[in-house]
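The structures come next, written out as structure tokens.
Shared chain: subunit A. Partners: subunit B in the first complex, subunit C in the second.
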Partner chain A sequence: MLQIKELDIYYGRKKIVKNASFEISDGEIVGLIGPNGAGKTTIMKTILGLTKFRGNISFNGKEITDNNHEELNNVGALIENPAIYPFLTGKANLELYSTNEQSTSELITRLGMDSYINKKAGSYSIGMKQKLGIALALLNNPKFVILDEPMNGLDIESTILIRQIIREYSSRGTSFLISSHVLSELQKVMTSVIIINHGEIIMNSPIEEFNKSNSSSYLLRTTDMDKTFKLLNENSIPVSKDENHFIIKDEYIDKSQKIIFDHQIWLIELAPNELTFEQNIINILQKKRGENNAN
Partner chain B sequence: MYTELRHELYKLIHRKLPWLVIIIMILFMIIMGIGMGSDYGKLLVMTSYNSSQIILLLLVIVGSTIFSMEFQNKTILTLLYRSKNKSSVFLAKFFTLIIYSILLHVIAMIVTIIFNMFPLINNPVSLNSIYKYHQYLFVNMLMTTGVDIVVSILIISLICLTSCLINSNTIVIVINAIIIFMGSGLSSNLLNANVRYVNIVRWNPLNMLNLTTQYYNYSTYHLTSMLSNIQLLMGTILYAMIFLLLGYFVFRKKKF
Partner chain C sequence: MQTNFSHELFKFTNRHVPRYGIIILFLLMVYTAIPTNNISSNIVAQGFSAGQWICIIIIALASDTITMEYRNNTMSTIVYKSKNKISVYISKLFVLIIYGVLLLVIGVLFSFLIKFLAARSKFSWLSTYHEGHSLLNSLLLNMGGTAIYLLFIITLSMLLISLFKNNATVIIIGLAIAFLGADLSNVLIAALPNLKSILAWNPFNMINVINQLSGVNSSHLSNIELIVGNIVYSILFLILGFWTFKKRPI
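Our next item is the complex of A and B:
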């Protein structure tokens, strides 16, 4: 659906995004993750044809340039803040771009906005404005939706609702590119992850592969922890400790089990040491920074 | 561009300001009528109660917000990506202001005709009487309005240019208001200061603002502008096109 090849984006002479390439298929939910100033919003704006760039962006095989957005009529977006006219009612804001009154009414109801949709948008709370911004992005059943920090200002019920709606649209074939600092929320919906740092894409992978590749150690607890430690050291098995466990890399786990079994020590606990999604992201970013500093 | 134009008109209709300024315009026309007295009945009708300057000023006030509201509300991003290209967004705003200018001028003419029907502000004068350029007074009014719409297009192109150059709509309003109220005066001071190359200097863009006043008072203003009506008209159109192109160039280069 969306293809980005060798994308370079400049602000003046400074290269903000360097050689970015990725693809998004039908129904995919891609999380775009990176620290502040990494270039996430810039990439999103560029896909929407709002910034000059070098490289190639195509949507359904047709090229998008900074002055030709014809292919974007099936695209919805919420970038930075909800783009709302305060002097219009919420409904009028939607009607401005709506092509189907019936589906717009359904969207308003689905988002739980019926009670205030006929009030002037200027009087809305931050959360109400955010919902209206999301409604604008989801208007006219788009094929591709860009959401920049969609959960900003939303209460827990609304956050869950938006998550459900994203999944619903995705199951109908709509693709999403979502950036959020609330990684735990993003983790619950995304099917792929793109990590960007200093304008460079440092990881682009399906979420299952990402989780698999970043869960490579096990937690071990035995009936005799001191003896276990001694045995593992004697057999040159690298081991680290947390409060109650040993942490052992998965490549040594079979060997470790055999050694402690042979010495009549019994397992109390053996479980994959899963880092949280946030920890994994931080590890990847720190590793990248380390590599850059070494260079 | 039809869709973008429809969107712009929809937004214009739903704002309070464009309707509010019509009341201000009518109040100004009443003050002008009372101020000029019954001796200038025909001139008041020809100039739609001297509404030209106030229409231009009100256009500046409404027009400067037509761009700035998009930048302030960040709606410019939605507007741009949902449009086919940047030029259609820019031109839709330009044509919306022209349509609004035509609306203000038509309302000014209708109000003039109503004022001229009843002896409340001034004594009614016959619209069929012969007045300037050996034409009926009604034709004079239509022609003056037409000429003033051309001048308003010049001001609209300036609004588009300055709004894209300057993010503060207050500064845009002040700059354009100065141009409207002092532009022709500055130009005539320059031309009357016996500068060299008068033949070139008289083509300065500020001189084109004399077009409407010269049209209904040729003998006085021709001495100031040093250009004929047709020359002023051509100059006005040319400068409107130049400012419009410059405005579009700035709009395309602007970072959103």
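Our next item is the complex of A and C:
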């Protein structure tokens, strides 16, 4: 659906996004993650043809440039703050771009906006404006949606609702590119993750592979924990303990299993010791910074 | 382009500012009439300075119609939902031109009303006023001149707002041109009389089109030259304005 190839974006003479390439397929929900100033919003704006760039952006095989937006008819977006005219009602804001009145009414109801949609948008709270911004992005059943910090200002019920709606649209084939600092929320919906740091994509991976590749240790529980501990120490295998398990680095896991098996001790539990999503992201970014400093 | 234009028209008609513009025009025309105890035919022929006031109102509105989009973060939406940036720029220009023409028509109607209230039977609209033109004819010619100058001032305001990104700057420059433009031009031409034929084409001199078509020649250019000058400057400002708008990051 969306293809980005060797994208370079400049601000003045400074290159702020360097050689970024990635693809987004139908129904995929891609999380774009990175620290402040990494280039997330810039990439999103560039996909929408709002900034000049070098490289190639194509949507359904047709090129998008900063002066050719033909292919963006099927794209919806919420970039930074909701794009709302305060002097219009919420409904008028939607009607400005709506191509189907029935589908717009359904969207208003689905987002729970019926009670205030006919009031001037200038009187809305931050959360109401954010919902209206999301409704504008989802208007006319787009094929691709860009959401920059969509959960900003939303209460917990609205956050859950937006998550459900994103999944519904995705199941119907709509793709999403979402950036959010609320990683726990993003983790619940995304199917792929792109990590960006200082304008460079440092990871682009399906979420299952990401989780798998970032499990660097295992939890181990056996039928005889004391004897296991002694054996691992005798064989110089570094081991630490939590309440019920030993924690062993993945490079020692095969050797550990063999030693235990040879001494007729049986495994009760052997499972990846998963870090939280946030911890994994922080580790990746710190590792990248370390590499950069070393260079 | 058609979609962009209908969006712009929809937004414009739903804002309070254009309605305030009409009220302000009326108040400013009344303000022009009030201090003149003895209203002259000259001030009536000028539509109680309607041309000048309309230019000032349009300058403020032209700059606001663009800055409003940046203020509300809506510029990114209208640009990415448009085929290209030029259709956004041209749609806004068309709406401002239509509003300018509307203000001119309302200005003429207000002139009738204010004259009726303040100088009921003093002058006849059909009596000869200047250079064989009736008072009504002079008023309409002055409004026609304003219509031409509006092209100049709208395209200039849109260029300035694309350059400076600041309403106040555009309004100050616009006011300076509207109030001092003709005087500046006269000073320039008087200072260098040998270059009069060239200096008469300076942009400040173009404002004289507001009064010249009814027979008051103060520009050192013929009517046709003055109209052509205004149109050429408008095209130049339009091209430069669009180029600046296109380059401006969103």
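Things worth noting here:
Note that the second predicted complex is superposed on the first by the 257 of 295 C-alpha atoms of A that agree within 3 Å, B and C clash if a C-alpha of one lies under 4 Å from a C-alpha of the other, contacts with A are read in each partner's own complex, and residues count from 1 in each chain.
Heads up, the rule we're going with is that a residue touches a chain if its C-beta (ideal position, glycine included) is under 8 Å from a C-beta of that chain, and two chains touch if they have at least 3 such contacts.
Just so we're clear, the structure is a prediction, and the values are computed from it rather than from any experiment.
Per the definitions stated earlier, placing subunit B and subunit C onto a shared subunit A by superposition produces a clash between them.
Judged by the touch definition given at the top, the superposed model places A:I247 against neither subunit B nor subunit C. When the shared chain is aligned, no partner comes close enough to touch A:I265: not subunit B, not subunit C.
In the superposition on chain A, A:I202 makes contact with neither subunit B nor subunit C. When the two complexes are overlaid on their common chain A, residue A:I282 makes contact with neither subunit B nor subunit C. Of the two partner chains, neither subunit B nor subunit C is touched by A:V239.
In the overlay built on the shared chain, the residue A:V182 is in contact with neither subunit B nor subunit C. Once chain A of one complex is fitted onto chain A of the other, the partner contacts of A:L88 extend to both subunit B and subunit C. Under the contact criterion defined above, the residues of subunit A that touch both subunit B in one complex and subunit C in the other are 11, 45, 48-51, 67-70, 72, 75, 77, 79-88, 92, 96-97, 136.
Subunit B makes touch with subunit A in their complex at residues 7, 10-11, 14-16, 69, 73-87, 252, 255-256. Against subunit C, in their complex, subunit A makes its touches with residues 11, 45, 48-51, 67-70, 72, 75, 77, 79-88, 92, 96-97, 136.
Of all the residues in subunit A, the ones that touch subunit B in their complex are 11, 45, 48-51, 66-70, 72-73, 75, 77, 79-88, 92, 96-97, 136. In the complex of the two chains, the subunit C residues touching subunit A come out as 7, 10-11, 14-16, 72-74, 76-77, 79-85, 246, 249-250.
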